Structures are given as structure tokens and as C-alpha cells.
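Both complexes shown next keep chain A, but they swap its partner, so chain B is in the first and chain C is in the second.
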Partner chain A sequence: MSDWYSMNVVLIQTTLTTLLLALSIQVPIRFGVFSFAGVGAFGIGGYTAAIAMVHLGWTTWPSVALGAVISGIVVFALGLLVQRLTGLYMGMATIAFTLIISVLAVNGGELTGGAGGLYGALGEIDTGHILAILAVVVAVLVWTETKGMGRRIDTVREDPELANSVGIDVVKYRLASFALSGVIGGLAGGITTLLRSTITPAEVNFHLVIVALTAIIVGGARSWLGAFIGAVIFVWLPTMISFVQEWEKVVYGFIVAVAAIYLPNGVLGVVKDLIHRFRTRQERARLAVLQEKG
Partner chain B sequence: MQDLLNVASLGSIYLLFALGMALVWGTIGILNFAHGATFMFSAFVGHLVTSETELPFLAVVLVAVLVGAAIAALTQLLAFQPILKRSKNQHAAEMRILIGGIGVAAIPLAIAQHQTRSSPFGFRSSYEAEVLEIFGLRLSTTSAVVIVAGLAIGIGLTVWVRRSRRGLALRAIGVDAETAAGMGVNRTLLAFGTMATAGALAGLAGALLTFQLGAIAPETGDQLLIKAFAIIVLGGLGSMAGTVIGAYVLAGAETLVLNLNYGTWVDAVSFGLIFLILLARPQGLLGRKEVRRT
Partner chain C sequence: MADTAVRTTTALLAVEDVAVHFGGVKAVDGISLEMHQGNIYGVLGPNGSGKSTLLGAMTRLTPLTRGRFLLDGVDYTKVPARKVHRMGISRTFQTVRLLDDRSVRDNILLGQDTLPKQTRKAAAMQVDEVMERVGVREVAQLRPDELSYGMQRRVEFARAIIGRPRLLLLDEPTAGMNTAERKEIGKLMRQLCDEGITQFIVEHDVEMMVDTCDYLFAMNVGKLIAEGDPHDVVRHPAVQEAYLGKGAASGA
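Coming up: the complex of A and B.
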């Protein structure tokens, strides 16, 4: 076990940070907000943490925390601006936001290191730390997925008019999803950057949006568990099959397209459907037995 | 004056690219994220063909146009049509089409990147651009072709959508797809034809831009995609004339920024424009206003 762990420690950490990034995109989608601002938050969080370490000489965790707070605030402010947009317009406006972050980083001069990026921001982070942060994030998300909160969020997503009419403040929920997505994205960016010790503008690009989307769409968009399944598949598949390694992006493009067509609820959706069907059959069988006894 | 000519040439490339996207999105409601990849891959196939045999200008353009139409038609047939058939409502379909398009777009991009190792590619052609001098202004023959083609197709398409019976049917689908279908409009066939036309325009733009610049990189399509979105939003969704104006406005704004020596900020122009327009006038310059309840 410990041998396996030390051999694959990089992959394990990548899985966890990919999961955080995927969650930052998944949260708004679960609220019915088609926002990719989480990837922009990844950039803000990563750059803030790196700047705090390199220029201000801060230690690891205050830097990461600062990144998460600032990206949370920025994305919340973005939410205030764009929350009245719908569907595709929202998607494209937030993609534009993400790409502006990258342009800002290129033009940031000494502060952001320009096109070359920032180097030498190596934090003291191990897998335990990431797991602890992830546990907190997942706990918050589980709270938003279950019971009354879960039902209210489902209503906000599926039928905003109905939600409004039964007294759910749709705008407030949408804004909350922006803030949450910003904080999670910022955490993902800060941790990833301090693990690798560098961040460049080229990293905050459209490909990162695809990475996050792939994980969610393949795993399942309705629950953090889906994002986890997606992140595991996404990170580990190339290491298992060498064909996948060479044609990585082709395979992922194909998977995303197929999932969008045939599995709108991802692998998790398929599993849940199967469990549901199995339970229904059991229930029917039980009822049939009861009726015979009459 | 020379600048104006450059704006006209750049704007015409933008226009040829954005027209296809605007036509598809404004009428059958599909935001095709694979449009940039279609554009790039048409030029790439042209590159592959011309590296076998040398071809004249028109033959290369024809190859690219046909490839573009074929890719777009296949995308519609294999991805978007199944998604439309399987989606419960327009809102769900929009998101799945966007995600499916992102997946589809990743495939040709990755193939081209793999084959060229992400370096730019061009055509080997018997055609050589000459520089014309008109009233002391310099204009290459390629740019002249680009400007004429851009303006002619832009105006032609605008008039066609406004005047012809097919154009009326297309606009009817854009306003209310179900009623249009009830009036005897064959949605599936028309959507298929519209996608193929858009793909052909993407192929044309790809071939012409490659001729003009000498070479393009596999990633060129992705950058154009965001710019085309800015153009469509600026002009107003569903308005072909708006797209024509938007293309030249964006080209003018970018050239202005470039001439003021803010070269690294050029990309921010289109992203910023998306933002400003969406916030200040979401229906665009010439668009119709949509009614929203939440």
C-alpha cells in the first residue's frame, strides 16, 4: 500500500487538485448557472498564492487562503455583473472572463512574470493537507446536495419561475454559487501552483475548461461523487493505456462528445439508474408476494 | 488609409468565419463550438493535399470548402441531431450541444496538433500573391480576394436570409421552431443544409486566411471562435447585417489597439467587448429583444 502510494503520489495529488477544479465548475452548473468562471478563479488563486509567496514572502497556507478569498470575491463580483445573462451568453461571458485573466497575467509585468510566468513558489503541501481541505469542501457540497437545501437548489436549476413563486430567492442562490465556485477554484489554483512551484498564463486557457468539463460530464454533473469519478478516470486512464497516452486529447474529445450525446448524467447517472431499477424490481417482487398471501 | 485597408482585410476574414456561426446560431439555435476546429481542419486538409501535389489557388480553396462542409454536416448528423432528439427542452439541449461541440472540436484540433507538433502549416501552391498599388496604397491580391469575398458573401447571405423563401423558413425556425415545423418547414433537412453551408464558409475562411498569412497554427481556430462570438453578440443574434457590421468594428478596434502599441492587449479587446455589450445592450446593435421572466 505504502509502496503504491509513494510510486503514485504525483498522480494522487493531481487527481485531488483536478477534482477541486472540476467541483468549481460543477457547483454553478448544479445551480443552473452555466459559468466557467471557476477556471478563471483557478488562475486568480494560483497567481495570488504565487505572488504572496514570491513577492511578499508569505508561508504556504496564508498564501493559499489569500488566493481563495480574493478569487471568491472577484468571481462573486463577476456574478453581480453577469447574473442576469442566461444559458449560452453566461457561458461565453465567463469564458471571456477566464481568458481576460490570462491576458492580464501576460501584461502583469514583474508582478506576474509576464508571458514566462512565475517561478519558485514551492509550498509545503502534502497529500494529507489536500485531503483535509477536500474533506471540508465536500462536506459543504454534501450539505448543498441533500435534504431541503438540495431540493431548493434542484428547483432553482430545473424551474427558476417555480422557485421564485414558492419563495426561493433565485438571484441569491445564483450569486452564492458564484462565490462558492470562486473559492473552490481559487483553492484548486493555489494548491496546484504551490505543488508545482510555477504558474504560467498559458495554463489558464481553454484546455483547462475542457479538462474540468470532461471530468464532470463523464462522471456526472449532479453530485461531487460524479466529479470524483470523472477526475479519477481523467487522471488515471492515460497511465493505464499507452494508446490513450499518445492520443490523449483525441480520446478525451471523443469521450466528452459521446457522453454529451448518450450519458447526460454521466457514469454516476447510469449507476444510479441501475440501482433504482434494481430496487423497483425488488419492491415489485415483495408486493407480489404480499398480494398472493392476500 | 493603409490602416483602413488592413481593417477591411482583417474584418473580411472575421466576417467569413463569423457568418457561418451567426447563421447557424441565429436560425437553428445551435452555438457550434466546433466551428473553429472545422475552420482549422479544412485548411489542414488543404495543407496535407498540397504537400502531395501542387495545386492552383482555386483548387485549394475548393478542397477546403468541401472539407469544411463535410465536417460540419457530420457534426450535425452524428452529434447535434442525436442530442436534439434526446433532450427534453431547449435549455437542456443548448448546454449539451455546447458541451458536445467542445468535445467534437477537441478531436480535429488534437489530430492536427499531433501531426504538425503544434507548429504552423501552410499550402504549397502555384499561386503567388502579387502586391497591387492603388493610389499609393499597397494591397496584396490575396487581401483583395478576401475583401471582395467577405463583402459579397456577407451582403449576399444577408439579402438571401431576408428575401428568399428558404431564408424565411430559416428565420421562422429561429423565432418558433415548433410553429415553423407545423407550417411545413422541414427542420431536420434545413438544419443539415445550414450546418453544411456554415462549414463551407469556415473552410473558405480557413483557406483564405492561410493564403493571406502564409501559414496558420492549429490553435488559430479557437482564438477566432471567441472573436466570432464577440462579433455576433455585438451585431445582435439573428441579424446577418449586424454580423457584417460587428466584424469590421472588431477588426477596427483591434487594429487601433495594435497601432497604439498595446500589442499584447489585442486579445482582450474581443473579450472586453463581449462583456460590455452583454451588460449594456444584451440584444446587440441590431438584434431583437427577448422576453425573460426570471
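Coming up: the complex of A and C.
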């Protein structure tokens, strides 16, 4: 186990940070908001943490925390600005936000290191630290997925008019999703940057949107567990299919296409459906027995 | 039966000169009516007469062009839709609107999620009783898309009543149900009425409306054309004309 861990520590840590990034995109989607601002938050969190360490001499965790708070505030402010947009328009506006962050990083002079990026921000982070942060994030997300809060968020996503009619403040929930997405994206960016000791504008780009989206499409968009499954699949896939060599991207694209067409709720959705079907069969059998007796 | 005795008191809901226009289309055009506590009111009218639009306006989901609504004498015309539920007005929709990924029980509990804490606690404790009354207790763990349309209607009905609203607005509550089920729901409406829940029903089924309602309104092209005792309203010449066309009233 220990040998396996040592050999795969980079992949394990990448899985965890990819999961954080995927969650930052999944959260607003679960609230019915087609926002990719989580990737911009990744950039803000990463640059803020790096600047705090390199220019201000801060230690690891205050730097990461500052990045998460600032990205949470900025993405919340973006939410205030774009909250009336829906669907593709919301998607375009938030992708533009991400690209603006990248442009700001290029033009940030000494503060951001310009096009070459910022170096030397090596934090003291190990897998245990990331797991601890993920545990807190997942605990919050589980709270948003279950019981009354889960019901209300599902209603905000599926039917905003129904949500209004049962007393749910749709705008408030959607704005909260922006803030939460910003904080989680900021954490992903801060941790990733301080693990690698560097961040460049090229890293804060559209490809991260694709990484996060494919993870939640394949894994499942309705639960953190789906994002986890997706992160595991896409971080470990290249090593699993290394035998296909230059066809790797084709295989990758094929898997995403198949998942999008045949698994609309991802791998997790299939598992949940199977469990529900099994339970339903038991429930119907119980009802049939009751009816016979009655 | 509903009326003269109670009309001296403040109306539970007063609708004053309400209009809802969509561009040049006058979906609702100057409706005024009153509803008093403990009665079942119904509104009849052919398709496109503005019944559902009026119901939507009452819950503030549909914006008003003019007029106002008063609940117990308090003007709530400018209150946002999300706060109307908390004021004690609950509704069902013309087309069933449920969360297909959630169980029947969860869908019903949604109706009490945003109510004040005490009301919420009491409602959550009564969820089994509500499911029993509406006839969905045995399918509590199933998902709505596994149920018949009539059963889905019942789930929506249960969601609307779980918080014990003061005014229950029902948009075609028995659509998709067979005769026996309609009678069952009609009986439940009467029980709820006896418990003090005032109801306002939009429905096409004239027989059901006459059997269930204490007082009937009739609408056509956005206007109120008759109101009063259900038997009188359905015989009213303007109502017959609206449903059957010109000449029907004189021929009837």
C-alpha cells in the first residue's frame, strides 16, 4: 500500500484537486445555473495564494484561505451581475469571466509574473491536508444534497416557478451557488498552485472547463460522488489506456460521447437507478402481499 | 350558501379590478370577486377564458397589469411570489409539476420546507396522515414518474395541503382521474373545507364543480360573466353561450 501510494502520490493528489475543480463547476449546475465561473475562481485562488506566499511572505494555509475567500467574493459579485442570464448566455458570460482572469494574469506585471507566470510558491501541502479540506467541502455539499436543502435546490434547478410557489427564494439560492462555487474553485486553484509551486496564465483557460465538465458528465452531475467518480476516471484514464498511445485523445473523446448519449446522469446515475429499481421491486412485492391479505 | 351570511365580515381574499394583459391580449380584464373563509369556490369557463391566469396572478407568479389583491384586508399585490406561500396561500398547477428524481414523500414535504419553524415541524409530523388522506401512503417511496397521472395529481394535492394553508388554489385538481377518484377528491375537499381551509378551484368538469363548490364564478374572455349558487350559474344564459355558442342560451 505504502509503495503504491509513493508511486502514485501525484496522481492521487491530482485526483483530489481535480475533484475540487469539478465540484466548483458542478455546484452551480446543481442549482440550475450554467456557470463556468469556478474555473475563473481557480485562477483567482491560485494567483492570490501564490502572490500571498511570494510577495507577502505568507505561509501556506493563510495564503490558500485568502485565495478561497477572495475568489468566493469575486464570483459572488459576478453572480450579482449575471444572475438574470440563463442557459448558453450564462455559460458564455462566465467563460468570458475566466478568460478575463487569464488576460489579467498576463498583464499583471510583477505581481502575477506576466505571461511566464509566478514561480516559487511552494506550499507545505500533503495528501492528508487536501483530504481534510475535501472532507469539509464534501460535508457542506452532502448537506446541500440531502433532506430539505436537497429538495429545495432540486426544485430551484428543475422548476424555478414551482420553487417560487412553495416559498423558495430562487435568486438567493442561485447567488449562494456562485459564492460556493467561487470558494471551492479558489481552494482548488490555491492548493494546486502551492503543490506545484507555480501558476501561469495558460493554466487558467478553457481546457479546465472541459476537464471539469467531462468529469461531471461521465461521473454524474447531481452529486459530489459523481464528480469524484469522474475525477478518478479522467485522472487515471491516461495511465490505464497508455497502451493505445497516440489514440489516447480519441478514446477519451469516445468515452465522453458515449457517456453523454447513453448515461445522461453519469455512472452514478446508473448505479442509483439500479438501486432504486431493486428497492421499487421489493416495495411493489410488499404492496402486492398487502393487497392479497387485504 | 357561502355568502350572504358571511359577506358582512372581511373577505379572506378580495380581488379588486384585476387585469392581466399580455401585449394586446387581455387574458384577465377587470375581475373583482371575494372569497370568505370556510367555503369552496370554483371558477368555470371555456379554454382561454383566463381562469388559470387569474389563479397565477393570485399567487403573484403572473404579473398584474392593474388591480390588487387583499388577504384578510391586507394588500399583498406587491409581495413577491415566494412570500405568498408563507402567507398561507398554496396552489396546484394545471399540468402536474413534481420532482421526478425525488420520492413521493419528498415531493410532499417540499410543501412545508419554507414555512415557519413551528408550522414546519407540525406539518412534517403529519406527513403520513396527509399521505393517508390523499391516498398515496402506499407509494410513498416511489418516484412520481412511476405513478399514474391521477396519482401524481394526488401527490401535488398533498404537497399543497401539508402546510395547512388558509387558501388553497387548485388548478384542475381532478384532471386525469376516473369518476371514483374524482368523488374521493371531492370528498376530501369538503373535509378540508370543514376544517377551515378555503378553496378556489379552476375546473372544466361542470358536474364536479356543481357537486363540490359552495359558490361559483364563471369567466369568459377574461371577464366575469356570472357568479352565485352553482346550479344557477351553470344555467345562466351567458355561461351557456360561452360553453355552447350563440343560440344555446335561448334553446336551453
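As a convention for this text, the second predicted complex is superposed on the first by the 274 of 294 C-alpha atoms of A that agree within 3 Å, B and C clash if a C-alpha of one lies under 4 Å from a C-alpha of the other, contacts with A are read in each partner's own complex, and residues count from 1 in each chain.
Going forward, a residue touches a chain if its C-beta (ideal position, glycine included) is under 8 Å from a C-beta of that chain, and two chains touch if they have at least 3 such contacts.
Computed from a predicted structure; not experimentally measured.
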First (chain B), second (chain C), both or neither touched by A:Thr155: second
Partner chain in contact with A:Val170 - chain B first, chain C second, else both or neither: both
Touched partner set for A:Thr146, first chain B, second chain C, both or neither: neither
Touching partner for A:Arg222 - first (chain B), second (chain C), both, neither: second
First (chain B), second (chain C), both or neither touched by A:Met92: first
Chain B versus chain C as contact partner of A:Thr239, first or second or both or neither: neither
Which superposed partner A:Thr127 touches (first chain B, second chain C, both, neither): neither
Of chain B and chain C, the chain that contacts the larger number of chain A residues: B
Touched partner set for A:Thr59, first chain B, second chain C, both or neither: neither
Overlap of chain C and chain B interfaces on chain A (superposed complexes): 161, 164, 170
List of chain A residues in touch with chain C within their complex: 148, 151-152, 154-155, 158-159, 161-170, 222, 276, 279-280, 283, 287, 290
Partner chain A, residues of chain B touching it in the complex: 31, 79, 82-83, 86-87, 91-92, 94-100, 102-107, 109-111, 113-114, 222, 226, 229-230, 233, 264-265, 267-268, 270-272, 274-275, 278-279, 282, 292-294
Residues of chain C touching chain A in the complex: 59, 61, 80-86, 91, 93, 97, 99-102, 106, 109-111, 113-115, 138-139, 141-143, 146, 159
Of chain A, residues touching chain B in the complex: 34, 81-82, 85-89, 91-93, 95-97, 99-100, 103-104, 106-107, 115, 160-161, 164, 170, 206, 209-210, 213, 217, 246-250, 252-262, 264
